[in-house]
Structures are given as structure tokens and as C-alpha cells.
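Order of writing sets the labels: A, B, C and D. Residues in every chain begin at 1.
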Amino acid sequence: MALKMETRNQMPKRIVEDKVLRFSAGERLSHWVHAISFFVLLFTGLGVLSTSFQPAMAIFGGIQVAQLIHRIAAIFFVVVVGLMFFVGNPRYHWRWLKFVFSFKKSDWQHVCAFPKEFFGGHGNYPEQEKYNGGEKINSLITIFGTIFITLSGVVMWFASSFPPALVRWAYPVHDLSMFIMTAAAIGHIYLGLLHPDSRAAMSGMINGYVSTKFARAHHREWYERLKKEQSMNEQKNV
Amino acid sequence: MARKTVLIDTSLCTGCKACSVACKEWNELSAEKTQLLTSYQTQNAFTTKTWTYMTFVEKYEDQKMNWFMRKAQCFHCADPACMKACSSNAITKTESGYVVIDQEKCIGCGYCVENCPFGVPKVDQVKKKSYKCTGCIDRVENNLLPACVNTCQPGALSFGERDAMLTQAKKRLAEVQKTHPKAQLYGEKEMGGTTYLYLLLDSPEVYDLPVNPTVPLSLTLWKDVIRPVGTVAVGGAAAAVVLGVFANLFRGNYSNSDNKEGGKD
Amino acid sequence: MSPSFGRGAMTNSWSDLKNAEVFLIAGSNCAENHPIAMKWINRAKENGAKIIVVDPRFTRTASKADIFAQIRPGTDIAYLGAIINYIIEQKLYDQKYVLNYTNALLKVSTDYKLEAGLFSGYDAKTRKYGTASWGYQLGPDKKPLKAESIEDPDSVFSKLKAHYSRYTFDTAEKISGIPAEKIKEIADVFCKGKPASILYALGMTQHTTGVQGIRAYAIIQLLLGNIGKAGGGINALRGEPNVQGSTDMANLVSNLPGYLPHPINTDKTLRDYLVRNGSFFEKHIVAQLKAWFGENATKDNDYGFSYLPKTNPAVNATMVKLFEMMNKEQFKILFNVGSNSLVSIPDRQLVRSALTKLDMLVVSDLFEIETAQFWREPGVNPADIKTEVIMFPAAFVYEKAGSMSNSSRWIQWKDAALEPLGESLPDLDMLDHLFKKIRKLYAGSTDVKDAPILKARWDYGEHTSALKVLQELSGYDETTGKLLPTIGDYLKAPIGTASTGCWIYAGVTGNGNLAARRNNADPSGLGLFKDWSFAWPGNVRILYNRASCDELGQPVDAKRKLIWWDAAARVWAGNDGGDLVDKTKGPDTPEGKLSFRMNPEGVGRLFAATYMSGLPAEAPADGLPAIGIRPAGICVDGPLPEFYEPTESPTTNILHPEVSISPCALVVSTKIGKSDQFPHVLTTYGVVEHFCAGGITRNIPWLNEIMPEPFAEISKNLAAKIKVVEGDMVEVSSARGKITVRALVTDRLQSYKVNGKDTETIGMPWSWGFASLSPGPSTNEITIAALDPGAGTPEYKVCLVDIRRAN
Amino acid sequence: MDVSRRGFFKLSGLTIAALAAGLGFDPAVAEAKGYALKLEGTKKIPSICHFCSGGCGMLLYVKEGKLIHLEGDPDHPTNEGTLCPKAASLLSVANSPDRVTKPRRRAPGADKWEDISWEEALDIVAKKTKEVRDASWKAADQIVNAKTGLPESLTVNRVEGIAFLGSAEVDNEESYLIKKFCQLIGTPYNEHQARI
């Protein structure tokens, strides 16, 4: 389906002057809805994680309101992001999935170099496509984390409709997903906001474009491919 | 107050259900709409307003009829899964052996509901509070018998110090086994030894009770493994970030203006 | 029981049940209907007592039994007869007891016989017996002749033996459906345990042969020597909270308070009354007349005996018959205080129809019971019903002061704990106000018929005082106006100088309110509690306890000593009050020998003979009929219990097919079913969660929650036959009607064989009606109104029905 | 140590009494101060159960005229503090919204009740009683003497048109007054459910 849509739609121009379009509007919407609702979920969920957070629930108007918000946010967290795979211009989402699930040797090499990069060093790894190994890992965590946290959440929400044994297992699954996603989110934020080398990627999630400089430096394989595709298209149009 | 025990001697129970009425009366719980389910049973699950009810099992074997009656209520486990599952430290265990929900603290998350191996606590979805048998802790702590024990006419319920009750239970068991060889105690060891101890006339399955009730593995995994490990993982991530910021500062990466656009050609 | 022992009450007490070694619980489902009994039965059980339960169903009581036998409803006398036969054949009886404390040796009239199911003296036209031939052979002193030994063919014992020789275990099995070896097992276990207690309730009485069933119990217990002893006895578990008291107070057409016979139309004078009933009653009826008419009752006016209404003995006006009379428009007003006949009377169409024939129905109750709103029962058009209904709001038990007498004959006083709710008032106040209003309406009348109203003593204070009423029962010295201190003082007072509203309650408030005593000490450990409230008669806790001693007045059972003759002090001493005429008359005197002093013979009656004691050898010189002392209580349907089939029966009587059902049974229902159309046996009962007609309990949400609806219990065989699974609705029909209820399919009822034929019993509780918070169909829609000829108790326990799946 | 029921209660009675009098300070209660007993400040009044013929003792805890709680009387020798389900539910009768609390009348042919005053209700019943009594008075039974075979008139002074169903659920004093009332107005037709 995704491929069909892609052929039907006109490809926008990806490289414009010194900028490269990395994320479509739909992708950015998904990301931010997911991100914001994740944090809303996280904070509203803290009340049941530990009593030490319970006083803080006053921010939301008490723990019962927090739990209500938690459920409303959960709908956004799942439904809005899920919908983006089907409405508007969904091909980017499907392409993203395709990328994420095609984990190659070069991705491994990036992952191996990642710790060094993380702490400001420079690792040795081959050129990367649109998503590097680390980003793919982050995406995988997000995808599977979302699936597990959602499924377990549904079971917990409608506990009385499920066998108790299943509900019992939903609690640790929900918690485990939350811990992993939270840890990943912390790293993700660091890389997006605080990491001197990679924070330039942030603009891609804001207006969609990253500098060609960044694209060349971090995702050269992707950049080169785009350049090639674009010039072929231009020739065709001419 | 030393560990207390309520002995439920089902060989003496007549299934009159006075215990459930006395419970409702003392705890001011309203009646619910019911219908006959099977035998003389009208309730088969705990609710926020039904903390104890009577179960009836009919067993006809070798031309001999057995009609087993059992009062169901919270067992008040020595090793209570609900307490372990509770998100709000609302469930505590008293020295006397009672597992009690503090309604002030309870937020109705329902974790206790699903983790109890006996399906005891229930959450009121409007009040957002979890309810179950309190063991009449208010009465017991004020030197009164629990309402159910107090009212029991056939003498199937008795209350006392744990040792004394165990001795009594074993004495009765020896007697009862003469006519019911499968009779056994339930709650002596189960869940660390429950405050409500049964003398059953047959095996627990016949009464629809779990044979080896345990704290669910999922709960142990959750509370004893995932929680600490997860907390450490999140903490670790945060620490790594702090470390990363410092490392980059130390390396002077932030002052390198080249990096502003993320390139390093 | 009264024809056997002289009194009709539970012989022992609740707390005494713990003393028993074995129980026969048959005709009582005490775990349901008398839950407190289980406390004491279980206590005995924990001490090793054996429990035998015989019931048409495996009940909650049966679940605690060591031996359970499923019986076809209404066939008790068959298996009990077999047990009597076994006791006699195997010589399991207590020889000394039988000789000393029963009428075993007395010679029965040679006219007495039983032929083809009929005793001598039967009049087929009136369906009644003439009882003359059931008497003793009397000596010249008008006293019964005593045989040398029980082998004498004329002796009661020989008659008993001959009578029950027909009742073999096999015959009993064919009739009752209980396997012969099971009956033998019951007999063996029951006879072995000493003391042995029998518990019965409505399961025994609610038959056309109810009184005779209890007689069979009495015979067994007298043979085994279990009467008068701690842990023994026949414990009639009375139904309602104050049924003992309301019977003591004679809310019955046949009596006046204190079991005085009601005057009948041939009692023109007090003397006629005494000729008929014996001089024993003289003191008591005069005391009652003094209580009712005070100074207007004098020797000169026969103590106001003419003020009392006289009944027509040809008219049977017992409860169900009363509704039959009402339906024939005899009554214009019915007062209905604290009962719910529209639910509780069998074949309730009769009640429904009868109530419409009234001008006025006056109801006093807590809730709007079915009877109070019969005019708007579903399916009834109120406009068609011209009966005016007045309903008074009654106060509840703890909203009023007063006393109630429990089954142990304990008269227990309670103060009012709460104000009556809203405008409700105790029935006592209602009656007081009403009587005063009526008296005002008759003020100034000189009509002879109005004299009883105007001459009555009626003063219970401005605010009706229950204590003042109890004091009237307790009795006054009419010469001083002071309360009589004790029953002894009453008995000593010359006739006409003392008053008491109910002589068996004499002295209850004489020395303070004894009914309010709360000393629960029990030094003997036998559960007697002598200083808790007050038990009639004379605070005796275990009736006929003289029989617990041997001829020398010493306790037979060293572990359970009730009373004994203290030879040194020359007085009967003991843990219990002695059930004796005079505590100073030792075992060597005639009075000191009497174990059953309320019987004219002074002993227990195996054979319920016709007899009046104390008749003079010579007729009185003045030509008037002689006055005896005390007549024997008789059973109108025979001196020995004989098995008869229930009115609606799935089979015929194999003992005497030509007289299959009781020849004296009073059949009120007009529609009688046959077994080809209605093949199954229905038995009805109560459940622990509800009380009687449910007027109160169906308005208590907590009870509706634990027993929300009526049901029909059927065996798995029957369920399979009519293709019903548990929870389905079934329609149960009889010749009189049909109702639809939920089916409970259970192993607690099993199919059984009767005279070789497969038979099914269906069980249904009866406590529901169309009103209340938990309405449901009334089982009495389908039951039969057929009455015991003596007691007037309907045969709720057996009728024939059909059952099918409801659509 | 197993505390026997009665001992247990005596102990507790003392404790409560001590507390109520402000004399004692029970360490058990102090430890459990979260578990205040709702019976504080109530008056304890013994009574008798109104269901079967057991005659079990009940204790009523009354506060400001309202029944707060009810349980078995531990001092009562028959039930020693225990109660069956029916007795244990009796709190709800005292406070039931379904009780009839005013006299009411249903006129002939009417399809509903109307509330009336006690005075009115008593007047209606008294007048009707007199009317029926006067109309259905039977001075004598006419019978045939069984011995002589001759007709005979026997004075009976009986009211034929009034029947009174008493109850085994009212107090002795009430049962007695019912009987006395019936006999004085002249009706022997007084029965009750002991018969059935």
C-alpha cells in the first residue's frame, strides 16, 4: 500500500538550497503528539509508580484527575499516531518502518561506535542512510515499547474483561515498557537537545529541514541518494 | 496484639448466611440484587459491598450426599499479594494478622484486585477505592469479636490466638477425618499462613479454592525485579546524560562553532 | 403431646440439647427454621453425639447428620411404627421406666379394637369416632385395673405390641421409601444412645395425621425412658417468636388462657363445665373470671360464667375452617393482627375469595402485607371489592415493652428500646383504645348481652402498660388487691379469693418481674439457667423431671442430675425446679410417684385412653352428674397412631387399602388431584433466610439478597425427564392452581420407590407473595387444605403436583 | 490463649465502660486509634428476637433515639451472643422506609389507600364492631338433645359476625388482651397461626 501511495503522489523536492527535507509534516505531527503524550502519560502515571510522587499529582488536580488524564493521553498516544499511518500523507511513516526494520551491518557499526559518540568522542562507522543505527534502535524501542505498553494498558484499563492471569502479567509489562522507553527518551532528548554534535538534527523535527551540512556529515548515504534521485527527476521533467 | 486467627470449621457450618448479614450490618453495606445461582447460593464473587458470602457445593458419591458450605471472605494472608501489589502503600498488615486497606490512601488503582489469588478486593469505580473484608479490625482492636464470628450460631467460626486456634483445628480435623478422610486444613501454610483458617471437608478444588495459592510470579517479577532494575536503568540513563554533557563540556565540543549546524565536514 | 404427657409443650430447652447422646431430627429442619438449635446440637456433636435426620429432602440440617434417610412425605408413622415394633420385639425398652412411669400395665376396655384401618366407635356419617370403647377396664373404685404383667393380653403394652406387629421394616420400606436396613440402622443407633432427643416441628404436624405422628414419638420416648431427662425429651420446635405464649394465652377457639377448655353450649353453669372438664379447672377458671370481671364475679352469679360466650361443639372453627365460614359470609369483620393469611393459608383461593365477603378488614402490621392489600392483588379489580380496609401501623418488637415465651417456655421480658416509628403503636395500645371506645358506645346499656363489656375489669393505665397486663396474668389476692407473691400462694388461696388471667403464669411478677431476670449462672452445667427469666410451670426447666429419678427418688443418670429426694430434709431438691404436685411429698407417697402429674393416671400414656380421674365410686346423692378431677387428653382419630396415606397420595395404603386416608381428616379443598394427572409429591417448607409468610423478611433487603426468590427443588432424574436444567423456570401445578418458579436441580432429592413404583418428591419454599420488596408466587396457590382432625393443622407437607418446563 | 466468647465480652464490656467513664486508657485501643468503634456514646439495651421460638437475646445500641447497631446478647444463655441471618438483619426494620407509619383506610371499591388519623381509624372500627355485634348476636343455640331426642335451646351469648386472627408474633400481653377483648365482646372465633 505504501508503495502504491508513493507512486501515486508527487515527490516533493527534497533538497532546497542548503537544506534537506528530512521529516514530512505528518511525521513531525506524529512525533510530537507521541512525545508530548508520552510525557503526559509518564507524569500522570508516576502517582501509581510510587507514593513519593503522589503529592505531585496535585498539579493535575489530584491523582484521580491524573489517572483520567492518563487515559485521555493514552488515546492520543495510540490513536493519533496510529492514524498517521493511514491518513494524510502516510508514506513516510511506512518508509520509516521499512528503514527501521532493515537493520544492516553499517547500523551495527554505528551502534558500536555510539557510546563513544554519546560522550562527545568520535567513533568510527560507515556512512549512514536516513536513519543511523542508533536512531533505528530508538525507533525500535519506541515501536515495541508502544505496542507493549498499549496492549498491557488496554488489559489494565479493561481489567474486568480479561482473565486475571493476563491482567497480572500486564502490570510488569507496562512497567517494563515504561522503564525502557523512559530511559530511551532521556537519551533521545539528550541527543536532540544537548549533544553538541547531534542536536542540529532537532530542526528536522521542527520545520522538517536539516542543513545539508548536517545531512552530509551524519547521513551521507541518504544525502547522496537524494541528490541522485533529484537530479534524475529534474532531467525527466526537462 | 499477638497474631489472631479465625477458624472456619466447615464441618459445623449450616450455610445460614448469618455471617454475611452481620458483616453487612456492621460495615453498613447495602444489599445487592441477586438471583439463585446453584444450590442455595446467590452470590459467587466479592463485590465492593459484599465482603463475605456463602458457597454451596453438592457432591453425591456412592449414594452418599455431601453438601459443603463455605463462608468466603478475605484470608488475611501472612504474605499478602495485595499489599505487595498496592501502588499507594494503602494496604498494611497489622501485628494481629489483619490485612487492611487504608481508604484514605487507596487510589483505586486496582492492582490488588488482580493480584489476589482469591479474587478478594474489588474497586468501586465511582469512589475509586478498593474494598474488602476488614476482618472487623475496628471490633477486634477494641476487644470485640469480628461480626461474622460473633453471630455464628452453629459454632462454625471461632476466634482466638493463632496457636490455640491451630490446636483446636487439628483436634477437630482428627475427629472429622473419621467420616471425611479427605478433610484438611487450608490456610495453615498457604500464603504464609492465613488469618482465616479453614477446616475443609474435602480437597480445596472441590471448594473451588486454589490448591497452592501463591503470590503471582508476575507480581514478584514486577515488584522485585522490574521495578528496581527499571529504576536503575532510568537513573542510569539520566546519569549517562549528565556525564555526556560534562564529557562534551570537558572536550570543549560546545565551543566548537562548526558544530552548530551539526557538520564536521 | 398433650394426650401422652399432659402438656403440649417442648419438654426440654434449647440449651439442654447439648446433653443428648443421639438426636432424631425428623419433621424439623432446624438449621433452617430454628438456627439456634444447631448451636446446641453441634455442641453435642462435638462431644460425640450422633445425629439422625429423616426428611423428604437432604436439608441444611441433614448436611450435619451422621445418618440421613429420605422419606416420602407423610409416611412417618410407617417407619416409626416399625421402630416401635423393633423396640418391643428386641426388648430394647427401659423395663423399669415402662412399668413405673407409663400406663403399660393398665387394662384396656375389651370393646376396643382396630379392624381394617378403623378403630372401634367410628361413625361413617359424621366421619368421627365415639371414644367410649377406648377406655380402661375400671374397678369398682372407678380406677383403671392394673395387669400383673405386661404380657396380660388386655394390658396397654400387649395392645401396643399387637398393633405394631404389622409394622415390619419391609412394610415400612414399601410405604416410606426408606430402605429397610436404613430403618434398622436408625432404630439401632437411636435406641443405643441414652439420653436420646427427638426434635420435630411443622414437618411432623402439617399432616392430616400430624397429632398421631407426635404420638408415635411419645410412644418411642416413653418406651426408651427418655422423657423427663436432661438431653432427652420430645422437643417441639415452635414456629414463631411467641407461639408458646400466644397458645398459652389461647388465641384458639377451643381454649381459654392457661389451657382451660372453652365453655360450650351445654355448659349452662359453671358446674356443667366442671362435670365435663373436671374439678381441676375450677380454681383456674374462677381466677380467670375474677381477673376479667373483678368484683362483678361473685359466687352468687357463678363468677360471671354466663358472661363468657359458649361455642357450638358441632362447629369446627379452627383457622382454615374460619376462612371457609368467612367465605360463606358468616363474618362481617375480620381483625387481622400480625399474620398474613393470604400467603400462609393452604389453597389460598379460599382466603382470596373469603376476604371479599367481609364488610371490613382490620389489619395491624409493620409493613403493607399481602393480606392488607388483597384488593389490589394482580389480576383483581379493586372496584369489584367492597370490603373496607383499615390498617393500623404496628410497633416492632423492640419498640414496645412486653414479654414473649419461647419454645423452652421461658417467659422473657424486654423493655422498649426505641420509640415506635412514626405514628405506629403497639397492638396493646390499639386494643386498649379500641376496647375503651367500644365500651363508651355501650355506656348506659342495660341489655344483658352488653353486660360483659360494661362489667369487665379493664384498666391498664392512661398509656397502656404492658407490665400492668402481665401483673393481671401473674395474679392478685382479690381480698387485699395485692399481687400474689408466688404460684404457690395462688394454689393455696381459697377459690374465689385470687385472680389470674392465665394461671400457668401465676406469680411471674409476684416478687418483682421474674421474666426480666438476667442471671445466667448455670451451676449444674446442664444448661438449666434457673435464674434466667421465668419458665412455666413454676420455673420447671425440664418437664416431667420426676421421671429422671428411680422409685426411691434418686437420679438414674449420675452425669445429668435434675432433681432428687433429699430424705434427710424430706424435700425434693435439685438443679431444676421439680415438676411435682408437692415438693414435700416423697417417693413413698402417691403424689411423690407421679411422673406425669397432668395426666389423670399420673403416668405417661402409651395408649391414649379415654379416662376421667377422681370420679366417685357411687353416684352423688343429689342426682346431679358427678364431677371428676381431670379428664385425659384424647386423640380424636385413635388411641394408637395408625398409618394413613396423605389426602393426596401417589399410592394406596397397603395396610388397609379400603381405608387409605385418615377416616377423620377434614378436607376443605374442593379440588382433589389424582396421581395419574399429578404424579409427583410436593412438599413445602421455609428457608433460613426468610420467616414464615415473609411479611417482614421480604422487606429486608439484606435477606432478599441472600434468598431472592422461591424455587422448586427437583431430582436430576426428574429434571432429565422434563428436560430442565438448573436455573430454568418451571411451572408446578396441582388440582388447585399453578405457579412458575426457578428450578434447582439437585442430588439432594433422589427418586425412590413406593410400593414398587418410582416416585419423585418436589420441594418448594412458601414464604413469597405478590407484595413487598421481593415479590414472588405463593406456593400456597397449589397446596391442599386438608386438616388434622384434632389440631386443625393443614397438610402443607404433602400434595400431588405435575411439573413442566415453563415457556 | 483462647478467649471464651462470654469472657471476651465481659472483658470488652469493661474496656468500653472504662473508656466511657474516661477512667482508663486501654493500650490496645491506643495502638489502634485508627479503629474507633462506632458504638461509642450509644446506649446498650437488651431485647428478644422476633423470629423463631428460640427467644434469643439481642443487644440494641441506641444513640439519640436511633438504632445504630444490633447484635446477639452475649449474656443470654440460649444464644450467647449469636444470631441467625434474620435476627442479624433486624436493624433494617427499625429504620425501614417501607414501614407503614400512619393509619390508613381503603374505602370500598377504592384502588388506593388514604391516610387517616388514629382517632378516625379507631372510631370507624369501634362503630362497625358495635354494629356487627348487635346485628349478629346469637343468644341461644337450638339443638336436639342427644339423650332425650328433644329440641333444646341453649344460652350461648355469642357474636357470630366477628372473627379475630391473633398472632404468635405479638407479645404475651397483647395475645392475652386479644383473647380478653374477643371474649368480652362475645366472639369465640379467635384463632392464630399456631394452628397451622
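FYI, a contact is a pair of C-beta atoms (placed from the backbone, for glycine too) under 8 Å apart; a residue touches a chain by one contact, two chains touch by 3 or more.
Bear in mind the structure is a predicted one, so any value in this text is a computation, not a measurement.
Peer 1: Would you mind naming the chains that touch chain A and likewise touch chain C?
Peer 2: Under the touch definition, chain A and chain C have B as mutual neighbours.
Peer 1: Please indicate the chain closest to the centre of the assembly, with centres calculated from CA atoms only.
Peer 2: Most central by this criterion: D.
Peer 1: So, what's the distance in Å between the C-alpha centres of chain D and chain A?
Peer 2: Each chain reduced to its C-alpha mean, chain A and chain D end up 76 Å apart.
Peer 1: Can you give the whole-Å distance between the Cα centres of chain B and chain D?
Peer 2: The separation of the two C-alpha centroids amounts to 42 Å.
Peer 1: Centre to centre, by mean C-alpha position, how many angstrom separate chain B and chain C?
Peer 2: The separation of the two C-alpha centroids amounts to 49 Å.
Peer 1: Using mean CA coordinates as chain centres, what's the chain C-chain D distance in Å?
Peer 2: Averaging C-alpha atoms per chain gives centres 21 Å apart.
Peer 1: Would you pick out the residues of chain D that each touch at least 2 other chains?
Peer 2: In chain D, residues 79, 82, 84-85, 89, 92 touch at least two other chains, as defined above.
Peer 1: Among the residues of chain B, pick out those that touch two or more other chains and give their numbers.
Peer 2: 16-18, 20-21, 25, 153
Peer 1: Which two-chain combinations qualify as touching?
Peer 2: Touch list across chains, by label: A-B, B-C, B-D, C-D.
Peer 1: In the complex, go through chain D and note every residue touching chain C.
Peer 2: Result: residues 45-58, 60, 62, 65-67, 75-80, 82, 84-86, 89-90, 92-94, 96, 98-111, 113, 118, 121-130, 132, 135-137, 139, 141, 143, 154-181, 183-196 of chain D touch chain C.
Peer 1: Over in the complex, which chain D residues touch chain B? Could you list them?
Peer 2: 1-3, 5, 8-9, 11-12, 15-16, 26, 28-29, 31-32, 34-38, 69-72, 79, 81-85, 87-89, 91-92
Peer 1: Could you list, by residue number, the parts of chain B that touch chain D in their complex?
Peer 2: Contacts found on chain B: 1, 16-18, 20-22, 25-26, 102, 137-139, 141-145, 147, 150-153, 158-161, 164-165, 168.
Peer 1: Would you tell me which residues of chain C are touching chain B in their complex?
Peer 2: On the chain C side, the touching residues are 31-32, 35-36, 38-39, 42-43, 45-46, 58, 60-64, 66, 68, 687-689, 701-709, 711, 726-727, 742, 744, 746-748.
Peer 1: Within the complex, which stretch of chain A touches chain B?
Peer 2: 47-51, 54, 63-64, 67, 118-121, 156, 159, 164-165, 167-169, 171-172, 175-176, 178-180, 182-184, 186-187, 189-190, 194-201, 210-211, 213-214, 216-218
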